[in-house]
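Note that the chains take the letters A, B, C, D, E and F in the order they are written out, and that residue 1 is the start of every chain.
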Amino acid sequence: MREAVQRDVALLLKDGVAPFVVGGDHSVALPVLRALHEKHGPVAVVHVDAHLDTSGPEVWGTPYHHGTPFRHALEEGLIERGALVQVGLRGPWGRPGDRDLSIAHEARCYTAEDLTRVGVRAVSLDVRERLHGKPVYVSFDVDAIDPAFAPGTGTPVPGGMTSMEALQLLRGLAGTNLVGMDLVEVCPALDHADLTSLLGAHLLFEGLALLGVTK
Amino acid sequence: MREAVQRDVALLLKDGVAPFVVGGDHSVALPVLRALHEKHGPVAVVHVDAHLDTSGPEVWGTPYHHGTPFRHALEEGLIERGALVQVGLRGPWGRPGDRDLSIAHEARCYTAEDLTRVGVRAVSLDVRERLHGKPVYVSFDVDAIDPAFAPGTGTPVPGGMTSMEALQLLRGLAGTNLVGMDLVEVCPALDHADLTSLLGAHLLFEGLALLGVTK
Amino acid sequence: MREAVQRDVALLLKDGVAPFVVGGDHSVALPVLRALHEKHGPVAVVHVDAHLDTSGPEVWGTPYHHGTPFRHALEEGLIERGALVQVGLRGPWGRPGDRDLSIAHEARCYTAEDLTRVGVRAVSLDVRERLHGKPVYVSFDVDAIDPAFAPGTGTPVPGGMTSMEALQLLRGLAGTNLVGMDLVEVCPALDHADLTSLLGAHLLFEGLALLGVTK
Amino acid sequence: MREAVQRDVALLLKDGVAPFVVGGDHSVALPVLRALHEKHGPVAVVHVDAHLDTSGPEVWGTPYHHGTPFRHALEEGLIERGALVQVGLRGPWGRPGDRDLSIAHEARCYTAEDLTRVGVRAVSLDVRERLHGKPVYVSFDVDAIDPAFAPGTGTPVPGGMTSMEALQLLRGLAGTNLVGMDLVEVCPALDHADLTSLLGAHLLFEGLALLGVTK
Amino acid sequence: MREAVQRDVALLLKDGVAPFVVGGDHSVALPVLRALHEKHGPVAVVHVDAHLDTSGPEVWGTPYHHGTPFRHALEEGLIERGALVQVGLRGPWGRPGDRDLSIAHEARCYTAEDLTRVGVRAVSLDVRERLHGKPVYVSFDVDAIDPAFAPGTGTPVPGGMTSMEALQLLRGLAGTNLVGMDLVEVCPALDHADLTSLLGAHLLFEGLALLGVTK
Amino acid sequence: MREAVQRDVALLLKDGVAPFVVGGDHSVALPVLRALHEKHGPVAVVHVDAHLDTSGPEVWGTPYHHGTPFRHALEEGLIERGALVQVGLRGPWGRPGDRDLSIAHEARCYTAEDLTRVGVRAVSLDVRERLHGKPVYVSFDVDAIDPAFAPGTGTPVPGGMTSMEALQLLRGLAGTNLVGMDLVEVCPALDHADLTSLLGAHLLFEGLALLGVTK
């Protein structure tokens, strides 16, 4: 899968297309970032997620897992030092040292609780300034959003962003140099009233709208 | 349908009753406004909705549709110029020119995103001042509220009001001269855990409570 | 049931354990408070709920009911005067005089609408100062939270707290002398996508985390 | 409740109306049978249910419960000896002696498994012959039907009748002297896709249709 | 819509393709039958449905409706006299005379209750003999199946076929000269656990499998 | 996992306990059969399932998968030749040769459609005679049952057994020498109205009841 995605995304990039990739799970982000690296070198990443996704070196006996893509991406140099912003982190699963990898790469981490303090507009502004001029990839795990708004996902965590905050976060990126986006971890079989699918479609729409105002 | 509703509402109005009408779809607002116009002349309207509902001249080959009642109402002069307030507007369906009709009638439009900036209490205050003394009709489409709080509706749009904001918006109208209300677009077959029906009942309760303090 | 719970909780307290009790309905709070009173005398209580739960003297023909535990607790002297804080109150069921018992015992009542004005962090701070040094029991009825976040409960009321506000309220109690907690009114048969069960587990986790920083 | 129902049903009977009563739980059958007894003396009863509902003398500390109406009815002489037919019985809750009361009153008991052997048409025929000429009351607990067809009920038991078998059972009673019917234990909050409510409405329709061909 | 479907199906037929059409509502059957008539003249039809769909001349003020396609098809001569078989009919909506049109065209009608008497294999055999050698179109309304197996449809009627009976009915058509099929009235928004979508896909698979053995 | 289950089941067997194992997926059957083989040598198996579960040599790149346990069990000699009975098979996924392994081991295969012809009681009788005196293991995949009765499973297939047929199949095994049972593939997150969990519990109850009459 990783090789097939990397190859196909590389073809799209060659044609000047900004790839929009829809999961399935977060594993898909790694081959997309590898393909972006081929073209752009290290990129900036806005990683919206309840989880760090930097687990490892192994999860459940395998080095590749939907909890590991950003560890690989950081270790492989696909993301520029200081140009990773993680937004929406929360939950009781953390262990001491979990953020060490993010910290070592000078990532900026906003927890879900940080968002209630500084507001999503301030976060967007910080992201825009921090990543100004760099090629930016948005990797959006729908579990960043509270399960009330997005129940259809595999590892829901209470206390997340509202749908409006998610839309505003993306709108606040207008003016960045967006080079691609993924929306992952939508699981229709666990959804209710199509809440998550519908929200996911709107998040992708907001991402596409950014392309019109980018640069 | 339109004739039957207009006739029955007119009878209620004759008896001094403030009509509270429950949809079904938003088409029901037009005959109610026609009946109100017979008695009061042009009224003020607080239109809470994700959509403008001023589409036309035709939708799906017919001049009357649940997306057209406010175009008819404005064109028929049922609403006083400058006395239409639309709250909760949002979504990716808009085309340039969609708001032209509202603008031409000097309507005040609050998008859902505006609400996150100015706050629902400021909106209520603005409405109260703007509509002071006029006969006010509240037309409440439940899709103004986010699908997480109101999944049971036909055209849900992510990024809407919370249930609390909806309640506060109505409470903030205390002191206006309420002459009627509708609550529309509740669709029980699409609902989950009765969220939308229960919220709809509370919205009507808040509207009824306004009658006790209206003057 | 009341006798069995009181006896078992008393045994736990004798061993120095802080009881964490999971409902079932809110009736369980009364025997826990009786057991706590045996050990601590009158305690302080943070009662998070959409309802006052001070109904009586009878509900549906019986003196004990899930709407009566705090009336009994107040009348039996299980709660210290002035040391009851009720958070999340709302809904159209109230009658004049409903809060008389709370007022007579100098309880502090925060409605859900108060929370939107003062913010949950200010409430937590007020609770910490008001209850400083006293043994504190947290009685958490999941219907304090909006049905969008917690649909699986028997008496849902629109307009409640968000899941994040609930988590923050508990986190804001760090430093209080927590002697026990209950989480009640989770009804899995009415739940959707396990929203309420999952949130309930996180609320208990936050309560347990408080024990680690309690002084 | 019991007194109010008995009184109101008696009024209907006085006017020559065949009462059709909708639950709520099965407790409602007892006062209806008391009212029927006032007019007709002991009646015949077709009791469709997964459970015997002859528990007692107490359930959960009370003599009246939704598991006791037929014990009371038999003990009070409301049902003619030999004229009770129970259809649909099943499940792992039984204890030795559970059927003693039914047996003592010479009731005819068809388990759900009996239905798969003899067929629902044979059961209807047996009922018609056994109850020929007597005033017949049909007491239909929706949990007689398999939870796949009727999930919205409080004590579902796998292995029940299909919806078609239920309809055929009722149709097979054409020609009996029907004097009333109840449909009980429909619980919309536990339902899915309105399966149980819709089926319940059709069962009542079939009962009403019997009145047209009775006698 | 009718013109577009007829035109596109005609193109497929020109290329020797057997059209498999998926609804949407049953209105789609009429233009498919019109296109089949262009090529084959009057065809034989196996119409599986809870409803006759021969309503008219108007439903809700319009001559074309999802309850009218077979009235049009019969009146327009698209179906050979005596070569319409309707399977699965049931429900309390019928009026005297509803079957007059079917009877006038010598249609064979199997109610859902007939199926419990004669068995689905006997019905398939009768269909095969009756339609032997003729071009056969299968029009399958998923509401022929009981709502327990197919809840996601707009006009569910309790007492329908099981999923196995539906599969067997289609398998029993092996050897007929199948020239096309539709599967209609699947409504995902009303579905649960994807029961109806999954069953619909299997029904289409069985139809496709018939093409391999058709002669 | 396989080693841990085999070890723990072996301990139970040493104590004379008949293991009842609840999945999770069907992978759990293999280590249970290995442990049974240690004690009993090759056993007889009643395998109730929509699928053969003899896939391989690899599924998705791994030799062990929930579609492979019976291939391993047959190849490892854990099941006596001629003493495997597979009941409930169906679905459009089959390829020519899929049953070769079952046939090579002289297994008896009943498809779901066979059940509608011969009846579940005849199948039980055949199983009892075929396996008479041998140690019998029942491996019950809940997807043998139709999704209407058991929606909460990962690979649902329309056209399965009813809940009553499943109960009767097990009851019909009374008198066999039952040495253990599993119930697998219940997935609560995909369930509705707890249908599958409740049915699963009843199936295990029927299995336990067999122990009381086994000889």
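As a convention for this text, a residue touches a chain if its C-beta (ideal position, glycine included) is under 8 Å from a C-beta of that chain, and two chains touch if they have at least 3 such contacts.
On a predicted model such as this, the values are computed, not experimentally measured, just so you know.
Enquirer: Compare the CA centroid of chain B with every other chain's and tell me the farthest one.
Expert: Computed centres place F farthest from chain B.
Enquirer: Mind checking chain B against chain C and telling me if their interface is mostly the same residue numbers on each side, over half, or mostly different?
Expert: At the contact between chain B and chain C, which are copies of one sequence, the residues are largely different (under half shared).
Enquirer: What is the distance, in whole Å, between the centres of chain D and chain F, each centre taken as the mean of its C-alpha atoms?
Expert: 37
Enquirer: Would you mind pulling out the distance in Å between where the CA atoms of chain B average out and where those of chain D do?
Expert: Result: the chain centres lie 47 Å from each other.
Enquirer: Would you kindly tell me how far, in whole Å, the mean C-alpha position of chain D lies from that of chain C?
Expert: 42
Enquirer: Provide the list of chain F residues touching at least two other chains, using ranges where the numbers run on.
Expert: Within chain F, residues 146, 148, 162, 189-190, 192, 194 contact more than one other chain.
Enquirer: Can you list the chain A residues touching chain C in their complex?
Expert: That would be residues 91-92, 112-113, 116, 146-148, 151-152, 156-160, 162, 190-192 of chain A.
Enquirer: Write out the stretch or stretches of chain C touching chain A in their complex.
Expert: 146, 148-149, 162-164, 167-168, 171, 192-195, 198-199, 202, 205, 209
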